[in-house]
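Everything on this sheet refers to the single structure shown next.
Order as written gives the chain letters A, B, C and D; numbering starts at 1 within each chain.
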Amino acid sequence: MTQPIKRIAVNTGGGDAPGLNAVIRAIVHAATKRGWEVFGIRDGYNGIFLPERYPNGDGVIPLTRARVRGITHLGGTIIGTTNRGNPFHYPMPQPDGTIKEVDRSGEIIEGFKKHGFDALIAIGGDGSLSMAHELAKRGNIRLIGVPKTIDNDLEGTVATFGFDSAVSFATEAIDRLHSTAESHHRVMVVEVMGRTAGWIALNAGVAGTADVVLIPEIPYDMNLVAEKINAREAAGRNFSIIVVAEGAIPKGGTTSVVEKEVGKAERFGGLGEKIAAQIQTMTQKETRCVVLGHLLRGGSPTAFDRLLSLRFGAAAVRALEEGQSGVVVVLNPPTVNYIPIDQVADRVRHVPVDCDTILTARDLGISFGD
Amino acid sequence: MTQPIKRIAVNTGGGDAPGLNAVIRAIVHAATKRGWEVFGIRDGYNGIFLPERYPNGDGVIPLTRARVRGITHLGGTIIGTTNRGNPFHYPMPQPDGTIKEVDRSGEIIEGFKKHGFDALIAIGGDGSLSMAHELAKRGNIRLIGVPKTIDNDLEGTVATFGFDSAVSFATEAIDRLHSTAESHHRVMVVEVMGRTAGWIALNAGVAGTADVVLIPEIPYDMNLVAEKINAREAAGRNFSIIVVAEGAIPKGGTTSVVEKEVGKAERFGGLGEKIAAQIQTMTQKETRCVVLGHLLRGGSPTAFDRLLSLRFGAAAVRALEEGQSGVVVVLNPPTVNYIPIDQVADRVRHVPVDCDTILTARDLGISFGD
Amino acid sequence: MTQPIKRIAVNTGGGDAPGLNAVIRAIVHAATKRGWEVFGIRDGYNGIFLPERYPNGDGVIPLTRARVRGITHLGGTIIGTTNRGNPFHYPMPQPDGTIKEVDRSGEIIEGFKKHGFDALIAIGGDGSLSMAHELAKRGNIRLIGVPKTIDNDLEGTVATFGFDSAVSFATEAIDRLHSTAESHHRVMVVEVMGRTAGWIALNAGVAGTADVVLIPEIPYDMNLVAEKINAREAAGRNFSIIVVAEGAIPKGGTTSVVEKEVGKAERFGGLGEKIAAQIQTMTQKETRCVVLGHLLRGGSPTAFDRLLSLRFGAAAVRALEEGQSGVVVVLNPPTVNYIPIDQVADRVRHVPVDCDTILTARDLGISFGD
Amino acid sequence: MTQPIKRIAVNTGGGDAPGLNAVIRAIVHAATKRGWEVFGIRDGYNGIFLPERYPNGDGVIPLTRARVRGITHLGGTIIGTTNRGNPFHYPMPQPDGTIKEVDRSGEIIEGFKKHGFDALIAIGGDGSLSMAHELAKRGNIRLIGVPKTIDNDLEGTVATFGFDSAVSFATEAIDRLHSTAESHHRVMVVEVMGRTAGWIALNAGVAGTADVVLIPEIPYDMNLVAEKINAREAAGRNFSIIVVAEGAIPKGGTTSVVEKEVGKAERFGGLGEKIAAQIQTMTQKETRCVVLGHLLRGGSPTAFDRLLSLRFGAAAVRALEEGQSGVVVVLNPPTVNYIPIDQVADRVRHVPVDCDTILTARDLGISFGD
């Protein structure tokens, strides 16, 4: 029989996404309603295994209802996050000046026992969920995952929070660039997030009525991109909007600009700038590039994302109450429920090249450069 | 064998919803790509059977790509709509001064033949779709329906366009009222659309962190509403936000204020004002009412609604191309496809009282007055 | 010689306006930079003379930098406000059951001395500033006023914070109603704040391209309003948008609906509804009314209002430092400086009927019903 | 005596700014009300002296009321603009392959006569207004200027349209970056427009509560910038927001990165990236750069800018009616009136380093790196 729950821990890992605070608030309300205490681990797992970084002893902080008041609409995460320093391969400087990767997961598990946590709700992406799953198995910790990816590329859930906010802002940005592109007869290239999946580029490109959309799932041919721009010009439409996912790959290419030149660090701007330069050369049209990058992560969640986040947070607590462990909450319309964590972790949901949104885009005359 | 399509008609019926123009644009692009011509019937079916209202002979207008340029983000509908004058029961003034309902559907069918339309794409709600279905059967007209309801209460589709826009605006309005309610220690009652289903009130109430949400599906007890407000007061929270669907029903009541006093005309403000007055009397707290009404229908669609509308419009054309008739396009995540029209028409999708959003709301401490 | 300042008090009076929190934040930063302590009096003056309402002894709260973090963009006021219970005429229930107005200003002055405040920064409208001025004279208190009126009707300053936010939201609301009015061929009446001055109605009406704008400064004739709607109809524009300031007065009328029927309580909806009914009768066109009321007060301040609020707050502190008293800070473009308080208090800045915005409106074909 | 006006021309020059279409609409309405005809010259002066680019003969288009319907809130300009190809120094390819600058102003003046224009309303910045002035003098053309600069750096007017929209968007962007900076403990550098004047950076930086603001008017020292970031870190604020005007200049520097490396072409991203790299090196903190660039120009004007644009447009027509020429309309609060064009052209309004907004920023703890 599972032990009754009294104290739970919450953490957020990986890049931030609009809605994280709403998830946290829902967890705190749903848990305290059941008489549980909730604690936030700061900055991924740092708060629990790197105590020296928290001189005030606040690496783990109590999350009360008062503490989560008025945060539903705030971007970011009140407990901090990190996408550096995997505790299973933690980079430790050695006496000889080199860096060695050390497994410090044991310290985290120890910290859990010391704090007397009965369970962990881990809010994170693909990588963070796998890590939490491993920790849970090793430490015999009850775990519920809340999937988080602004790219919407997780298997098992129809949507993740933050994605709608990112698409909304990207669409608004495309709207803005439309008016200036048209007035100046320019080509505007907009680079958005999307290393391996093109959901943001596709959805914002269609909603914002772009002319060309380049995504990792459909290798592009620059000649066809230029052809599209020239065809518009010939039809009297002397401006074009090109939306580019940062991880789009040219036909015949095997790796994206992001992987090759930019690496894993969260840097934007490689591909968009490159494509803008190519277009200017090929079409002789004035071409400009705008990189949305970090603007897509920040900001207040849309109403859709707020609601989804709150539902995810509350569902995670209900799953714990039902005695579940090793599951992640997912949106399976019209319901939020849960599935085993390994049906989600380490799986990327790509844009199917024959999905109806792609068909819609083609019907609207949008080119994928293919 | 079905005849090849050459000319199609489009119309929009019932109350407007953000996204109608995006649907129209997608239809025009997808159809012209297939070499078809598209015509818009103005103001429901008025443009085709009430020619006297269109002295310039423009009751039916050609919809070209140029005509639908730049309308994706515009609210309303460029071909107009109406929610008055059902052509099957058209109110005709008689010589003796009385009004008699007359079936004028034959004139519409005749008009269709005269214009040489091969098919109709009808964008409308429950009632409009039933009417189109009846016309199609009588006139042997090929028909694809595109479901439209801002209330999101249609069976068979996980979402309808316009709903996300309405929830977004309602949530923003609740945000605004929060700050003024808190500063003035007031109770604010916000009335939103929702005659028979409470989706807007529920989703905006949860996303906007209301304290009480009253919906048609859960009869409310004013004593419990007052109790919630007083409990907050006792806990030092001297303000409250109450979200009310216009069709909410008191416990023991059989009809809503809307049905009883307001009738079918699109008028808002009955229930919210009544509840505000009751709260002020029962709690002695300064209480104010805001009726969102028509503000929820207008305005630019959200990115989510733009995309859904475009997908719906393109899917309708593809369905026609595939030889379908008598179907409506629906969102069946992650895909937009179609189902027989009678699985949608005349069926209302209510909020299930045990759905996870209701559970989430209760976990967040929101009262439904029950 | 003026005594050096060590402790100052801040309060907010009257209806809330977007930007109040930004003013408070700027005061706290500018004052603590000078080594002063800042205290907030809650709910107008209630926190200081009605201690029984603050059982935790927190009627006066220290305002530190930590306390005002992250509030610049929040609507409302973190120290609360009130527009009831003038302390000079405070309504006190008598043993015989009647209510008698009592002057309790002495208790406030006493409270000031007890707390050792060296000065007061009073953020408030016309009435609140007069009251603060009187208190300052009686109690020999150093006083700086920060003008606050969402209606922008104060003399001596080109703008007050909150006004731009209100106009922005009203304009957005008019945009929304445009699309639905046009689709349904309706007349939409939008009622906005403005009891004695029509600034919000005028600016939002012009920015939102309304067809008729009714303001207190220009008495209207309903026949001319109906004529305008009919003229549009005749020109094929079968919808109209009417913006009404709540205090607009019919030609020959002496008092507005607000004064006559609604009284001084902050209630909206009298005039807009009345005019909508008249229009429907006179033009036979479907007419709807939307009352923006409290939606205009709440919500996040625009960037313009944030900046103006911060400038006002910092200028108030600088004025104190310079030894000023009995002045209010004002916007005198391009500078924020200060003028004697009696040049502002008890003076209403009406819309000049020949100002260039009125001329612009007339050039755009907008009717004032005159 | 001045001849009565019958036909006027309008053009827009230089970079686009939110509000251009509203100016055009007001001009058309005010002019047609007076019985005048209005024509738009496309793409600066191209439409009149480069007819070969307009094969349909539409280099000059009639602007009727129908043509300007619904454009008030649209970004861009319906008649196009250009910031290339000054007609006084027009780059002409020579037989020998070189490019020679040729004065083609005579062709424009000729075109004016041919079209029978009685006057020109030129909407443009510093450069465009000077050019129009010269044309007017040479061609004896009646001219009214409407000042346009998103940078708000024109002398003689308290504000220009587009500036408020740019500041609003920049402030929103800073808000977004705040949440992600805080969650990830990062430094975020935001580059905004502002080659010679820092108004956008200053206003958005203060409204968005940045920590450091670098503007051309105050040369910065990177050591002081790093010091500010480190001081925040020491105080437990482990993130910072730096707003950089593209034309900011380091102490001791004589030219900005923009001038030196980027040239006059409208390219962004030089300075922000450079400063981000320096900060990362100096503080060892993860630092990211976002370049807002073209996003600031596009998009719908704010209500403030819509109103200002409409007032400017109508005032230009009234000035013509009054017989004025060689003047520009300006905002001289609370009035829009006009001043001689040479009081505006070729003068830049810099941020005064002791203006109250700078003092406010310093009071709020914002560093200018000085």
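Definition applied: a contact is a pair of C-beta atoms (placed from the backbone, for glycine too) under 8 Å apart; a residue touches a chain by one contact, two chains touch by 3 or more.
Small disclaimer: the values here were computed from a predicted structure and weren't measured.
S.K.: Return the chain whose centre of C-alpha atoms lies at maximal distance from the corresponding centre of chain D.
M.R.: Relative to chain D, the chain with the farthest C-alpha centre is B.
S.K.: Just how far, in Å, is the C-alpha centre of chain D from the one of chain B?
M.R.: Spacing between the chain centres: roughly 42 Å.
S.K.: So how far apart, in whole Å, are chain C and chain D when each is placed at the average of its C-alpha atoms?
M.R.: 32
S.K.: Report the inter-centroid distance (CA atoms only) between chain A and chain D in whole Å.
M.R.: Chain centroid spacing, chain A to chain D, equals 35 Å.
S.K.: For chain B, give me the residues that contact two or more of the other chains.
M.R.: Within chain B, residues 172, 175 contact more than one other chain.
S.K.: With chains as vertices and touches as edges, which is it: line, ring, star, complete or other?
M.R.: Topology of touching chains reads as a ring, each chain with two neighbours.
S.K.: What is the complete set of touching chain pairs?
M.R.: The list of touching pairs comes to A-B, A-D, B-C, C-D.
S.K.: Flag every residue of chain D that touches chain C in the complex, lowest number first.
M.R.: 25-26, 29-30, 33, 72-73, 158, 164, 167-168, 170-172, 175, 203-204, 206-209, 302-304, 306-307, 310-311, 313-315, 317-318, 333-337, 355-357, 359-360, 363-365
S.K.: Where on chain C does chain B make contact in their complex?
M.R.: Residues in contact with chain B: 12, 15-16, 18, 20, 43, 74-77, 80-83, 169, 172-173, 175-185, 188, 266-267, 288, 290-291, 293-295, 297-300.
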